[in-house]
Each structure stands twice: as C-alpha cells, then as structure tokens.
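Quick one: structure below, then a few questions.
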Amino acid sequence: MSPTGSPMQLHLCTWLEVETYLQRSQGIIMPIGSTEQHGPTGLIGTDAICAEVIAKGVGEATEALVGPTINVGMALHHTEFPGSMSLRPSTLLLVIRDYLVSLARAGFRQFFFINGHGGNVATLKAAFSETYATIADLNLPEADQTRCRLNNWYMNSQVYQLAKELYGNREGSHATPSEVAVTQFVYPEAIKDAPLNPEVASGHPIYGAANFRQHYPDGRMGSDPSLATPEHGRSLYEAAVESIAKDYQKFLGTQ
Amino acid sequence: MSPTGSPMQLHLCTWLEVETYLQRSQGIIMPIGSTEQHGPTGLIGTDAICAEVIAKGVGEATEALVGPTINVGMALHHTEFPGSMSLRPSTLLLVIRDYLVSLARAGFRQFFFINGHGGNVATLKAAFSETYATIADLNLPEADQTRCRLNNWYMNSQVYQLAKELYGNREGSHATPSEVAVTQFVYPEAIKDAPLNPEVASGHPIYGAANFRQHYPDGRMGSDPSLATPEHGRSLYEAAVESIAKDYQKFLGTQ
Amino acid sequence: MSPTGSPMQLHLCTWLEVETYLQRSQGIIMPIGSTEQHGPTGLIGTDAICAEVIAKGVGEATEALVGPTINVGMALHHTEFPGSMSLRPSTLLLVIRDYLVSLARAGFRQFFFINGHGGNVATLKAAFSETYATIADLNLPEADQTRCRLNNWYMNSQVYQLAKELYGNREGSHATPSEVAVTQFVYPEAIKDAPLNPEVASGHPIYGAANFRQHYPDGRMGSDPSLATPEHGRSLYEAAVESIAKDYQKFLGTQ
Amino acid sequence: MSPTGSPMQLHLCTWLEVETYLQRSQGIIMPIGSTEQHGPTGLIGTDAICAEVIAKGVGEATEALVGPTINVGMALHHTEFPGSMSLRPSTLLLVIRDYLVSLARAGFRQFFFINGHGGNVATLKAAFSETYATIADLNLPEADQTRCRLNNWYMNSQVYQLAKELYGNREGSHATPSEVAVTQFVYPEAIKDAPLNPEVASGHPIYGAANFRQHYPDGRMGSDPSLATPEHGRSLYEAAVESIAKDYQKFLGTQ
Amino acid sequence: MSPTGSPMQLHLCTWLEVETYLQRSQGIIMPIGSTEQHGPTGLIGTDAICAEVIAKGVGEATEALVGPTINVGMALHHTEFPGSMSLRPSTLLLVIRDYLVSLARAGFRQFFFINGHGGNVATLKAAFSETYATIADLNLPEADQTRCRLNNWYMNSQVYQLAKELYGNREGSHATPSEVAVTQFVYPEAIKDAPLNPEVASGHPIYGAANFRQHYPDGRMGSDPSLATPEHGRSLYEAAVESIAKDYQKFLGTQ
Amino acid sequence: MSPTGSPMQLHLCTWLEVETYLQRSQGIIMPIGSTEQHGPTGLIGTDAICAEVIAKGVGEATEALVGPTINVGMALHHTEFPGSMSLRPSTLLLVIRDYLVSLARAGFRQFFFINGHGGNVATLKAAFSETYATIADLNLPEADQTRCRLNNWYMNSQVYQLAKELYGNREGSHATPSEVAVTQFVYPEAIKDAPLNPEVASGHPIYGAANFRQHYPDGRMGSDPSLATPEHGRSLYEAAVESIAKDYQKFLGTQ
C-alpha cells in the first residue's frame, strides 16, 4: 500500500525484530484515521488511508517503526450518513490507553500519532493525559519518559501551504481536495465521480449528527474535491512526509 | 463574589424562575476551572476563580443564566504539586455528560462553557461529542438543536492583546500574570508573596505529572506573575466580559 | 462568601502553602452540596451554599484547609423540576475517587465531608469504600491511615435541636426553613417570595424523578420555608460550625 | 433450605408461573447478603444465609415471589481476612441495575430487598437511584411506578429488641450473636467452636481493609457470638419474618 | 441442598478454616448458573441448581473448597420470557474480576468454574483474560501461577454420553431433559407439569431476545424435558461429579 | 493488498455507494485480527493480515461490503513479547458495540466477522450479546433482525483439512505454518528467517502473559512454521475464501 518503498511496519516484523529495534529506539509512529463519509466523491476511508500512507512514508524516512492503523476514530457527527462508523470518545480513550500500555510494557516511550481526522484530536489529547497517569501507576522503568505527540498531517505548514496554492479557498474543511488527492494517489483505481453542487455549505460549527447533516446535506464542508488529482496527491504526500519526518526526529530528540 | 453586580446565577434562582427563564432562552453559561498549582504565588483556585467571575460578568451583561462552577477539571499533569486536584479525563467526560443531560431534559439547548484552564479543552470537546450522541438517544424535543461552545477566556483576542501589552513575553503560559491579576482583582486579600526565580522554564511540552515537575520545578511555565496587579485584573476582567458577551450573543443567534 | 472571616481555602492557597500545611495536618474539609429545586422559594443552590459556608466556618474555627465545593451531587429524583442538575451515582463515585486520590498522592489522609444534601449520602459512602481500595493499590506511604468521614450539617444534634425549636414539625425534610434560613443569611439579597400552598405533601418515600414530582408537586417535602429568616440562618450557621468543628477535631484525633 | 415450608422462589418457578404471578402482583423480594469473615466462629456466608432464609420466610408469609440471593456484596473492608469476597461498589451498582432492569422489562415494579449486611446499604441505595433513571429511559409502561425498598433484617425493631434482650451490649455490631444464631438455626451441623478473646474491640469506625484488620484483629466488632444458640436463631428468624412480612405488605400497599 | 454429604463450602467455613485450607491448597471451585426460562416445565433456576449441586459433589469428592454460587449469569437472549434475569456481559466481566481479585489477595491461585449455562461461556473466558492482567498489576506473590478453568458440566463426555443414551436426539440444547432431571433429583417437590408441544423448534442460532422468542416460542430448543426423571437426575449427577472431580484434580496437578 | 481483484471495501466506497448497497443487502463482512507475536519468524500482524485478505476475497466472491479491519484484538497473553498489543476484553467489547451500533443506525443488520485470532472469540461473542441488547433499546426499525456471526477462518473444515494434509501435527496451534503461509502469500517480501528450535512446547493451557512466556519461550505453540510456503498460502487462502463465501451466503439466507 506504500507507494514509495519498504517502511518498518510493526505488522511486518517479528517480535525478535521489535526487541532489537527497542535497543536503538523507544519511539513508534501510530497512524490514526476515521471511517466516515467524505462527500459524494470522497472515500469513506479517506482519513485512514491518508494517515496510513503518510505514516509509512515517515517511517521509511526516519527508520522508525510504524504501528497498526486505527481505522475507526471519533466521527459521531458523521453518523447520519450511511457507512460512517465511530467510536464514542469514551471508548476511543480506552483504546488509546490499551494500545499505549501494551507498548509501554515492552519499553516504548515515545508515541507519535499521525492523524488524518480533526474529530480525533480532542479525544486523543484527553487519552494521552489519561494514559500518562495510568502508566505512572504501573511502576515501569523510566515511566516519566513517556511522551505522546499528535501530528495532524493536514495542518502541517508545508502541506497547508501547498493545499492553499493548489485549491485556494476551495480547499474547505471536510472532504477537501487535498485529502481526496492523497487517496487518488494511493488508490487511482478508486477515483469516484458524482455530481457536486457548486454551492457548498460552510462555516457552520460542528454539533451532533442530525444537525450536521441538516447543514451539510451532501457531507462536504466548503470544499470542492473535484479539483483533486493523483498528481496533487503525490505532491501533498511528499510534502507531508518530508515535513513530518523532521517533526518526528525533533520529537525524539527532545525530552 | 461578583465584583460588578447581580448576574442571574442558577444557584440563586428558584425552579420557578428557571421555568420562566426557559420561555425566553434555552441558553446557559457554564464556568469551568481547575484546582491546581499556579506557581509559588498563584492561587490553586486561579482557573476556577477567573472562569467564575467572568461568567458572572457575562451573565449580567447578557441576562443569561450562569450555572454552577466546575471547580476541579483535568489537571493530571499538575498533580506532583501538593494541593492540585484532577479528574481523570474519563471522569470529567461523564461529569459533563451528566450536567448537560440534566439541563437538556429541562429544555436547555445551548451550552456555553467559559473555561479557565487549557488542560480542560480536549476533554470538554470530547465530552460535547459524547453528549450530543447521548442526548440524541433520549428522544427529547428538538434534540438536534443542542449546541455546545467552548470559550477560553484567556484566548480571546481582546484579552490576549491586553495581556501582551501589559506583560509582553513575560506572560508565559501557566501561572501567567494575567490570570493572577484577575484573581488579585477578585480576592485582593489573597495576594501572595514568594521569591520567584527570574530564570523560569518554558517551551517544554506537557506530558505526565512527574515529567512536568522535572521541567517546571516551581510550577510556572515561562511566566512572571510578579507583574500582576489588581488593576490589571480589573482591566482584563472587563475586556473578557465585553468580548465574551458578544461571543455568547453570537452563539445564541446562530444555529 | 464567608460571613465571618478568613478560613484557609485550598482555592486561595499556593502549592507552597499546602506543602507547609501538610507538615502539621493531613486533614482536609470537603464541602459537598447539590444543584436542585428547593420548592417555590428555595434557591437551587441551597445545599451547596449551606455546605460551603459552614465548611468555611469550620475551617476557620479549626485552622483546617477547606477544599473546593462539589456543587452538583446526586439529585436524580429532583430532575423533573427545571434547573435541577445531577450526577449519576456511578459518576459521582468516580468524582469522589479522583478527588481523594489526587489529595492522597500529596499526603492528605483524613477527608471530612460536610454535606448539605441527603441524596448524596449513599453514593458518598459507597465512594469512600471504593476509594480505600483504590488507594490501597497505589502503594502510598501510610495508605492504611486513609480515613473519610461524612458529616451532614443538618443532622447534627445541635442544629437539629435548634431547627425543631424554631419550626417544630413545619421543618419538613426538603426545602426546609432551616436550610432556606442559612441561604438567607448568606445571600440576603436573594430572598425569594412566592405563594406557598399551606397544604404540603409529606411522608412519601423517594423513588424516581417522575414519581417524586407527582407526589411533591411544588418540590417541598412537608416544609414551610416561609418561616425562615436571615437571623435564624445566622443562629443555625453558628450552631453548625460550633458542633461540626468539634466533630472534625475528634475525627482528626482518632485513628 | 427454608426451615418452615414452601415459599415461592423464582428459581423453583417456570416462566409460565411467573407470567401468572405478574397478573396478581408486580412485587418481588430480593435477598442480598455478603461473603465475608464473621469472626473466629461465624460463617463466612452468615449474611447471605440470614437474608435468604428470612426472605423465604417472608415470601411464604406474603405469597410473594423471592428472587435469587445475591451472595457476594460490598465487603471490601473485610478483605484482609481470607475467604472474604467483595464486589467493588461500582460493580455492585451495575449488578443491581442489571437485575432490576431485567425484572422491570417483564413487568415487575416493586423491589423489596432483604439485606443481611450493613456494608451493602450505601451501594444499594445509590443503585436504586441509578436504576430509576435507567428504567425511566427505557419507556416501559408505568415506569414511574418503579419502587425499591431496602429492609435490613437486623435493624427491624422487633428483631433489634429481641437481640437486645438476649445479648444486651454483647450483641456488638459484626459477627453478632444474633446473626450467628440464625445461621445455627439454619445449619445446626455447621456450628463452629474456636477460642474467643473476651476482650473484643469495638467503636472504631470502618475505613479500609488493612485499617479494619488492625483494629479488629479477630474480625469481631464488639460482639460475643458464643452466646448464640439455634433456639435463639429460630426466635430471631420468626421475629424477623413476622415483622418484615408486614413491612412488605405495607410497601406494596403504598405508592 | 447437597444430596450426598458435607462438602467444604466457603459459606459454611470460618475465616480461620480458610486460612488453614490455604496451607494445603490454593484451589477453589466456583459454581456459576443462570436465572432464565427453561421452557414450560423447567425451573428458572435450573442452571444454578445444577452447577451448585455438582460443585458441592465435586468439592466433597476432592476435599476442595466450594465458593458461593453465581446465580445470575449472561442470559440476555432469554429476557423476553418473564422471570429471566441477566447481567450484561460487561457487568458479569467485572463481577468475575472482583470475585477473583478478592480471592487472589488471600492466596487462592487456581479457580475452577463449574458452569451450568452455555450463555456464560464467552463472558467467563473474556473475564479470565481481563483478570489475569488485573492480578498481574497487583504485585501479589506468585501471581503468574493464577489459573482459571471453565468446566461446563453438561459438556463432559461421561455426562454427554449418558444424556445421549437416555434421550437421544430429544435431548436438544436448552431446557434439556438432562438438566431438568438433575433439578428433579435435587428438588423432587418442584417437578412441574405443563403441556409440551411435541413439535419443538431447533437449529436456529441465538441472537437477541426478541428474535429468540420468535423462533423458540415456548423457550425450549429442540428438547423434550418430559423424559426427565429424578432417577436420571441422580445418574447424571453422579456421572458429572465423578468425571469433573478427575478434571479438577488434573487441573490442580498441572501448571 | 488483495491479491485477487477488487472487492467492495467500505473504505473505498462513498457514502452514496453505501446507501445504494443497503437497498440490496443489509449484510457486511468485518475482518478482525490481532497484533501479537507469532514466534521467531511469524509476523506480528499475521492474524490481521490473514483476516483482511480472506475477508476481501469473500467480499469479492459474494459482492458483499467489507468493513475496516480491526487490527488490534484481545491478545493479553502475548504481551510479554515485545511488539504485541492488546485491548482489554472490556475495551474490545465496547469497540464492537460502537462499530455495530454505527452500522445498525445506517440500516445494516447482518454482521459477519472473519476472525484470525482465537483470543478474540470469547470477547467477540460476549460483545454480540451486549450489542443485541444495546440495539434493542435504540428503537431502530427491524432491530430484531440484527444478527452477528463469527467465522474463524482457520477453523473452517476445508482449511483445517488442508492444513492437516500439508503439515500434520506440526501445524500446532499458534504461529502455525498455515497462517504464516497465508502471510507469505500476501507479503512475499516479508518472509523471515530465524533459527527455530525443533523442540517446541505444546499442550499447556493459556493463562496470563507471564505464565504464557514461561511455557512458550519463543512464542510458538507446537508449530513448525518453517514448513510454510507462499504457494501453500495461496491454496489455504483459496480454500478459505471458497468455503467462507458459502458460509456467508448461508448466513444471509437464514434469519
């Protein structure tokens, strides 16, 4: 699935390889996406696909281990559109806690989440706090070195800049051409076509699921995903990997 | 405790008055603070004191009802300093859910949180999502009109500007002179004096409690609270009330 | 808010002051109230107001630290009246656990709850048991010295006696003249007037919220709060403080 | 196990018999005990044995259905003595909720708990409140008729009086001769003999498990169970059944 | 209730006896049943009655301690039939965890569940996994020796064989003549009579409660309980005890 | 990632396509794996890789929608080996509930889990029961048609037979040559080489994590994964797809 090479994925390692890896690094990259509507033409897996491919790219660039993708995140506000799936925040919080406790027991101490979905941000940050406290009670060695970092690939300044150049204010904030472009780059065979109303709602804050669908009837938020191309996707992917790889290195280097 | 007058506090109303209020408004202002160390001279209740007094000011300015202050929030990273108290994120999430469900059953639909503590933000937003879904299942009338909004008083541009003018880069990000000033305005009898090392740590991200105390040994994050005065506090309070009152009105006016 | 002086409130201390305090005492006073209807003339915050003011008085009398007030308790049976708020028992239990674990980590060992609401009693006691077990697992020093005590200010014999003298059987058991009087003493500006049916329901046990409202249509339980005066409030306050201060001293002295 | 006849136990009915029963009554008797140390000579099952046998007696006297005994309750403070078992309060609360929701779906509306253990009281009452709210959300017919009642058999005035006559102040408050006598009446083959120190601790409040064992080294609280006889047990049993049967009838008759 | 003698029941021991027992064995037998419809003639307590009597028999045969019976298990799919009770799986999981943690603290390490109900199997096994992890965090001595085993008495080959001989394909899979026979052996006074449609549904998988009742309108699954006799019950009981006693010994002997 | 074609993956659909799909089918295939050690040469993602590829194959063969893979399951007993990750059973139960509730709201009614890990079985089945009850309370149309099915690909008779032919008793029960072969077929570039002790432990039951590692020091359970080849993997994959496709069709056809 990685277009560019052979990153070190946890799923493709043996436990002996992980044991060896831990001698040189206690860091791991954790991709997290979502399973939710992305407008008439966007893939339901957009956020997971983007997070996963970029995480693999960053893993390759930094020789870091990449954990399994969290495919379903916090997307309750999208659940009036069929195919959307969501964990409750209270559940996602426990999932993150369990993931990190498992890895912390083995010696991992730096957790770098590459995130593809704005709806995950709050719960992830809450989960980090909950997890620090949980890990502190387990009396693991150097528990106070446990650090989590959240990196939203689409918020990265290099990516943000490129999206702005390519799409201006037609980028919008959900089902954006930039995220759709990345999925087109990864799955060119799954480029979808559907009529897109040129009038697209925007600016309404996000509340509950019924309210969301009332205000965003086709699921897009101010975006024009018809602008996306696989080539844009490659550029955005490369920009994301380049700048997030630096972020990861910096994250490891600090305490 | 409100220095300026007589807002409509839920705690000082009867249920009949609330019943009447609901005929003209379904909005309510919810102050939320924290109980945590604020450096050698800052009050442990700083965040709750600030949120409460500003909420009362906004309530008075907008004739809105003001709910009871949430005194203890999410401050796990401060708990290595004695006197700090914290809910786990998973607990705070349930608290918010229970608060809002109670009020929603009575007919409230717009919940405007005035927040005094950055550590609450993630959990509050996660709780809003959880609550929309919970309320949707209760089959209340117009459940889809339920809306929550988070307003961090210290992030407000008018306040932020004033703090910058008064303190420049000595504002810092925890135990700031601006929040200390507001508490001095409210409780001039509780202005504290203690030696403050002019070298103050800053820039280290927030992880767990032990890690926090290692990096911020006296509890301050880049701030010089000795600059605070009660008069500054009054100005900051007034700036906050003025601009947040507008935010609240705007929040009510939208859907 | 304290009518009589300057107790040692956690919210008005610095962490350094708490550190010093812990060298002479590991006790803390925790006020807990409720946010619930108190009949046509009683304040929704009655139970929190009473618990808080008395806790401050006791704190002053005993030089004990007073923690932040728990404003919202277990009042599910009042939630058919607008303005009432409640935590579920399962939530309140976690809140208490989190409060006490935070404080226990810092060295507090004796937790003295001054309670203003009968509906909190069961959940508080259950929470104490849960918390002892939780704290025991944390391997804190002298964890076995952890002790919680519940003091219902209105059940205190001196207070009870005075209420009986003042109001006889018109005291009732909810929205009582004695608790209303204490709020009038604290907030004379918030004395409310409303018609009170001289026939007031009483004697029906408390079950669910709908059942409660059916049997107690105006919210009172056998009480005549029109008898309350601020002067009574002062007397009741003083009686409560005097006798609860002794209870606290005794609590500290035993093991 | 019932010494006196053939009560209507849920476990010995078919579902068709329950269906028929519900046409004449929506009440059910729920015995709840505990599994905990009862001093050197008391049975670990004492509280469950007493609650169960008395519940069956009351069921027989009132032609009421008797549910299955909750054998393990809230006895965290006894868990330093081997053989003691306990649910956490947060677990017991869910157990009660699940029991009552199951029965409420079938049409039961009056739940009368006969309790053999003081440690259960707080959690049971908290669970009742939680359950009323849960059932209210299920939209069952006549949900507002749901009523729970807690009857501590040993607190009943008739029983209390008899215990006082038989044992005076050697009754104590845990591993009492009266509860031991009831178990001797039910299980005469399991009367135990062990040295009992005539000096028995009393008066120390109950906190955590380690604290409890320090203060009550053999498990008794102020009691002299050597006074118990099976004949006393029969008298206490009969007093309990007679007076609790009246309580149950009264409970059904009110709303 | 045991037809054959005097097993060592935890409920009939003192804590001193348990202390002594632990010096020779760290094993305990835990009976778990259910409270659910068993067709027109089967007792609602069938699964608990069978598990309890067989557990006592095995306890007697092996001189093992027998814990209190879990009377209510996971029977959500039966709850459309009045009298059925169920814990949610998430609740039962906590119950098992609490039971085993209590016992593990006292030194028990081998937990042998004798189960009377297929619906409990999945949750029990999930609970074992959860409990191993919980106990590992408690730093108990020899925590890694903790072992749980599930024994479904009706699946035992000796029992299964006998049931097949006695009833052939009229054994069915719920409200079976074999389990009914065991209850007849234990409670001959509670043998029920009701018309049984010779056409009995079978083969439909188990989903939710409404679906179950649609497909199994009288509650039986392919069984003809009219074939049951108390004598069969005795034979089945004896076969179960004999073979499960061996299983228990073997379980203790392995690690 | 699918070696054979283009199944209908939820992640590669738009919400409009899902809406259309629901008009012809309410069924969905859900792959669930695990992230756990698989011996010295097996991939940590083995169970997820196998479940995912087979689910895609079955989706293609049956024109069924395939949901996102659950990558991390219940593998607590493997967590002493680095790289293993696990949800607690109580967490996985909530994850499954949230997944299915999301999909049920949109109209899905038949959930067919293709599972790659024995450790998931108990929790999945418990979660199904919990979910039926949760969905029943949501008042969705035709909620009683909700059906879940668990299909362990490796237990399928056709697969089982083939594995036996290929590997005989060297198949073992964890890190088996058959599952390793399937991963070699999917990821030929990730075939690992490591010394395998010809003496491999087997027959010890699974308890906690420390106990597991003591008895299975290199992680294998009785298996010889050196026998695996990518060609075997293809055959096993094809056998699994062929027979599970029939199972799915049959599952849809029944009620």
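Points to keep in mind about this one:
The letters A, B, C, D, E and F name the chains in turn, as written, and every chain counts its residues from 1.
What we mean here is this: a contact is a pair of C-beta atoms (placed from the backbone, for glycine too) under 8 Å apart; a residue touches a chain by one contact, two chains touch by 3 or more.
Here the structure is a predicted model, which is why all the values come from computation and not from measurement.
Comparing chain pairs B-C and A-B by the number of C-beta pairs in contact, the larger count belongs to B-C. Mostly identical positions are employed by chain E and chain F in their mutual contact, as over half of the interface residue numbers are shared between these two copies. If you match contact pairs by residue number, over half of those in E-F turn up again in just one of A-F, B-C or A-B, and that pair is A-B.
With centres taken as mean Cα positions, chain D sits 30 Å from chain C. Centre-to-centre separation between chain A and chain D, using Cα means, comes to 54 Å.
With each centre defined as the average position of its C-alpha atoms, the distance from chain D to chain E rounds to 24 Å.
In chain A, the residues touching two or more other chains are 88, 90, 94.
Touching chain C in their complex are the following residues of chain B: 1, 6, 9-19, 22, 35, 37-45, 48-49, 67-72, 79, 81-88, 90-91, 94-95, 97-99, 102-103, 105-107, 187, 189-190, 192, 194, 219. Within the complex formed with chain B, the chain A residues making contact are 74, 76-77, 88-90, 93-94, 119, 121-130, 132-133, 135-136, 143-149, 204-205, 207-211, 214-215, 254-255.
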